[in-house]
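First chain A sits with chain B, and in the next complex the same chain sits with chain C.
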Partner chain A sequence: MKSLYSSAALSASLLLATAGLAAPPKETISDGVVKIGVLTDMSGVYSTLGGKGTQVGVEMAVKDFGGKVLGKPIVVIGADHQNKADIASAKAREWFDNEKVDMITGLLNSGCALAVQKLGGDKKRITMNTGAASTELTNGAWTPYSIHYVYDTYALGKVTGQAVVQTGGKSWFFITADYAFGQSLEGNTSLFVKKLGGKVVGSVRHPLSSADFSSYLLQAQASGAQIIGLANAGGDTINAIKQAKEFGIGQKGQKLVGLLIFDTDIKSLGLNVAQGMQFTSGFYWDRDEATRAFAKRFFAIHKAMPTMDQAGAYSATMNYLKAIKLAGTDDPDAVMAKLKSMDISDFFAVHGKIRVDGRMVHDMYLMEVKKPSESKGEWDLLKIVKTVSGDEAFMPLSESTCPAVKK
Partner chain B sequence: MGMSLQTVLSQVMLGLNNGVFYAILSLGLAVIFGLLNIVNFVHGALYMLGAYVALLGFNQLGPLLGRPDFHLNYWAALLVAPLVVGALGVLIEKTMLRRLRKFDHLYGLLLTFGLALIIQGVFTNYFNVSGDAYDGKPEVLSGVVDLGFMLFPKYRVWVIGISLAVCFGTWFVIERTKLGSYLRAGTENPELVKAFGINVPLMITLTYGFGVGLAAFAGVLAAPIYSVSPVMGSEMIITVFAVVVIGGMGSIMGSILTGLLLGMVEGFTKVVYAPASGTVIFLIMVVVLLVKPAGLFGKEA
Partner chain C sequence: MNRFVWLALLALGLLAPFAVYPVFMMKLLCFALFAAAFNLLLGYTGLLSFGHAAFFGGAAYVTGHLVKNLGLTPELGVLAGTLFAGLLGYLVGSLAIRRQGIYFAMVTLALAQIVYFLALKLPFTGGEDGLQGIPRGLLFGVIDLNRHVTVGGTPLPLALYYFTFALFCLGFGIIYRAIHSPFGQVLKAIRENEPRARSLGYKVERFKLIAFVLSSALAGMAGAMKCLIFQLASLTDVSWHTSGEVVLMTLLGGVGTVLGPAAGAFTVVTLQSQLTMVGPWITVIIGGIFVVCVLVFRRGFVGELGRLLRRSL
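Up next is the complex of A and B:
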């Protein structure tokens, strides 16, 4: 009886196996191509720190991966969202609906990032954000398909805020870019300043991409705060720092603190103006052998050293492709599961891990701008003062309002 | 934010500083519109070009000529940039705008708008959009002066002074001299002025060159204050057009005074409610258009 039963089972399974062979193979790569879209600020106030350089990072990763995954070609396309959420959203929709784009990366500008991430959630497509900073991306705006890869306002505010308050900068005045990112950065930094016994005496909000900061700077000066915190980025931060120097702000005990600064900003300011400033970064090209090797190759193509956004886009793309290979499919659910379970470790991400809320947690660095006398080359701009582990730098899940985090 | 007299005064100073840029740019537009009937949308791009002449003259010209130590200094740039850009303006007028003279304003506007996009696009392609620092600020103009109520950078004092001088000088030439009367007559009745043996087309070409030269001059003045970037002109030009509309198209003195005034209003807004500072000029524009469509200083057509 038993043998009869097992032989029946055997023949049944054989039958199933042959049936499986006869059916056409299940499509592992949707549409026969893996398409990665780089959607970011390609021409505006943030394009130097992201822009085409972000696309260069992605293209390098694809090339290094071999140009194919599971036997299917990988294609990279790019577009400029002009820092306008409606344009970002329309472009992403076109990419998802008509262009078969599987993953969008870059996404500088929190306003644009939030719009595209929401769309990605609706359409079940992955967004790997390397550019934008708002913590909202991993909290209220979280989707099962969103990853926030490089840094966020919480980590920036915490690492820089603590460093400054602990060295005596107790009272703060903020000059803040008036949109999602600036508000988030000001909010997060204020939190840590207050937690450590400091106080915020005031703030002023300016429109994105302002040429003239003198008025805001004078208000900051008049407030008598020890620290003028710049909760803005890119061209705005550059103008603010330059003009502060012009008005002699920072010479009478007041100190300017840039909360989000990129290598390219320092390059544009010059060490003379920027020396001694401290800020937080997720990456520095001159950290070790591996980063230098990458930076050298990147420089050969882009003629500038990679910022954290640009290097992050390489790393995000590489790990996305690895996850597809491991999952054996580009199905977004399977790829997300792999990404969240695998170790993220390369020249960019040290001790990296993607949490359930989509936050890629990795080591962050407190940086300081070198004195002109310390710099040995055109891009020898910064030194790492302190390495802060990802768990310490980023928002712990216990504080998260992400719907995926079980309390 | 406390509204002490000191705060208000310093904001007014800063407003004046922005205002002179509005004034000098809208003056150029007013001259061009008044004498050529062209709405010169390429003005912002030429302002940007002026700044780049200063920047590249300082950083690149020496190496290009094989003499790495050579810098086109700031004072020279103040002279060279308007000449270079003015020459470009002459070229634009002679080859393009002249052909549109007999058509509606709209064609000139569209052409110059297209030119602005092309120039800006080309520069965006080759230069850093977040801007490059201009390091050629002369030593004598570095540092600050104590105005009693605030420390004000010497350089900005110079900018305010020289801009006012240029603005009122231009007004004087056009409204109070014989040359100016030829210019004005040439646009009213070119045939009659020609009959007096004056080369009207040449006069118009040179006027256009002068108008855009003013923009380049402002560009050089702006280079040490703001980052020199391909988009600096497009950010400025929209506001400047609002200034021109408020002042009244074609009114020379109107454009100067409106520029200064609106700079100060904008500066004041930054203290009261900063996020509105980008909008306040346009709000005023709307009100002025509703109440006095020809502008504050404009004559009813």
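Up next is the complex of A and C:
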């Protein structure tokens, strides 16, 4: 009798086990809610190119997805990290510990991004970086839960650097924002400039959010370099370009090259000041029907066209939610596995792929600012000069120092 | 003060992590100790230092570097950070106390800016990014400070909290003893009337210097704690904003009271964390509160309360 029971129990458990294998994984959402945190610069030099607009992008994605995933609600919260790594890390820690945030996106400012990504790795939460640029995020600072979605300093430096050197800009002087991002951008661009036979005659570093660039610009002018490379972003780039105009730089053979420029920067500079400038971007709203359709809806809410950070935040959120649906759970390991195996195709990226190092590889665009006479509308600012495929633009895995890349 | 009040505060501190988010509570304790250390100088010796962030942040960097790159245990890291801040305090103090009033403040500010510059430029500090990913490590090589104890479904970092709380009590106890000792009486005498203290035969410079070193070392201890809690030492810790913030905390709570700086630190830090949603307005709101306090509570919250109760708190 006893043996009958035990054999019955055994076969029953075997049956259950095979049933468990055959059935799709159980639909589970931790804490009964998927919470997405938008942690970015909401008030400082980067707030126009990211800021509230990034949160708008995320909220639009959640709404378009239907507000629910696997029958559980999706909640979006936002906070301002004020470009300070300690505030960013404290806020992210609180979100992970207390607010049950499953994924953090935005993360403009590489210093903040590095801090939050590290914390995400410790706490097993996903970080989808759309704002920051440092290549360190996919190399030394890589975690199994980190994704770098939109662009990085390698791609910016490579595409812009090559284009400028090939049209004769051989000697460079850098004005660099003094933190992870600026240093990374300067380093990567210098590499390509030198590779193509150009030379770097000097560089000067300025603190984040400087108001006065005159001394840096005078140094750049005195250096005699053909190209003054601006390895900074947002308000800093705008200030530098405006003040350069006042110093008459650009009229005597020297040329300014912004290495990271967003549509919103061009908007506030005006086409008169910015015309003819070339730079690299991961997204432009006026590329095709799909981007225009998204941009129109975005504009209706935010009253500005989306930058690559803001559009990227939409796309990142959308694909994160898709991956949860496909994986049948919001378990970070399962979701990451899905994200890295699925094809990322939407208005933002054409057949994008998330590599093992967390780098989302997609097309990059060499842009040029239109002349005022070419512009047909308030936001008709840029034209795409060249489309560079992702494999060509981004750092190949063979050069990566990411611990997940096997060599 | 009444023994029961102290016991109640102690019990409150021990039970706090079960009610309040522990990391936030630990941040409060750090800034409370920082402000209390600062108050030893401003409130009891009458010296307004405008460079205390140098000790707070300097110790954070030193502790962070030693723990992260040389693998020191956290208690040795905190000790090293505290000693470093004390030494730095000795250097800054011996220069600064030669001057009075506004000149004293300017000297401390100038020297603190040098420390800020070093934190920005030295190779191990990480520049604008700060020193990131500092491990919490094993206390005495045994207790894992990262360990979370699950209470009622939420994991709480109790080991780290009680380590922080113990350090806070130690620091606060030292300050309390210093204030209520003959040494503290001499400091108060110097604050009230320096020439008279000198004429009574006290070596005023030496007392000032000891107070300065003690204050900077304890500020350093607070900074070292903060770097272990947040696993990060950043430029914010050494910037002059932090120096200004600690003045604000001390004045809000009540300068020259034992509990005032802690109360001020609690108020400012709580406001800062609760008001993150309002963005840049936060400084305006805190500034407004400060103006109201200066107009209405000239002695700070605790100072006014003490006057109502007719006792020193």
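What we mean here is this: the second predicted complex is superposed on the first by the 382 of 407 C-alpha atoms of A that agree within 3 Å, B and C clash if a C-alpha of one lies under 4 Å from a C-alpha of the other, contacts with A are read in each partner's own complex, and residues count from 1 in each chain.
Basically, contacts are C-beta pairs under 8 Å (C-beta built on N, C-alpha and C of every residue); 3 or more make two chains touch, one makes a residue touch a chain.
Quick caveat, the model's predicted, so the values are computed rather than measured.
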{"item": "Partners on chain A (chain B, chain C) - clash or fit", "value": "clash"}
{"item": "First, second, both or neither for A:270, with chain B first and chain C second", "value": "first"}
{"item": "Contacts of A:361 with chain B and chain C, given as first, second, both or neither", "value": "neither"}
{"item": "Touching partner for A:235 - first (chain B), second (chain C), both, neither", "value": "first"}
{"item": "Contacts of A:178 with chain B and chain C, given as first, second, both or neither", "value": "both"}
{"item": "Chain B versus chain C as contact partner of A:207, first or second or both or neither", "value": "both"}
{"item": "Chain touching more of chain A, residue-wise (chain B, chain C)", "value": "B"}
{"item": "First, second, both or neither for A:43, with chain B first and chain C second", "value": "both"}
{"item": "Partner chain(s) touched by A:305 [first = chain B, second = chain C, both, neither]", "value": "neither"}
{"item": "Overlapping segment of chain C (options 80-88, 98-106 or 116-124) - the one that collides with chain B in the superposed model", "value": "98-106"}
{"item": "Intersection of the chain A residues that touch chain B with those that touch chain C", "value": "43, 178, 207"}
{"item": "Interface residues, chain C side, partner chain A - complex", "value": "21, 23-24, 27, 120, 127-130, 132-133, 230-232, 234, 236-237, 276-277, 279-280"}
{"item": "Touching residues on chain A, where the partner in the complex is chain B", "value": "43-49, 51, 178, 202, 204-207, 209, 211-212, 214-216, 218-219, 222, 234-235, 238-239, 242-243, 246-248, 264-265, 268-270, 273"}
{"item": "Chain A-touching residues of chain B, taken from the complex the two chains share", "value": "1-2, 4, 6-7, 10-11, 14-15, 17-18, 124, 128-133, 135, 143-144, 150-153, 155-156, 225-227, 229, 231-232, 235-236, 267, 270-271, 274-275, 277-278"}
{"item": "Footprint of chain C on chain A - complex, ascending", "value": "42-43, 79-80, 84-87, 89-91, 93-94, 97-98, 110-111, 114-115, 118-119, 178-180, 183, 207-208"}
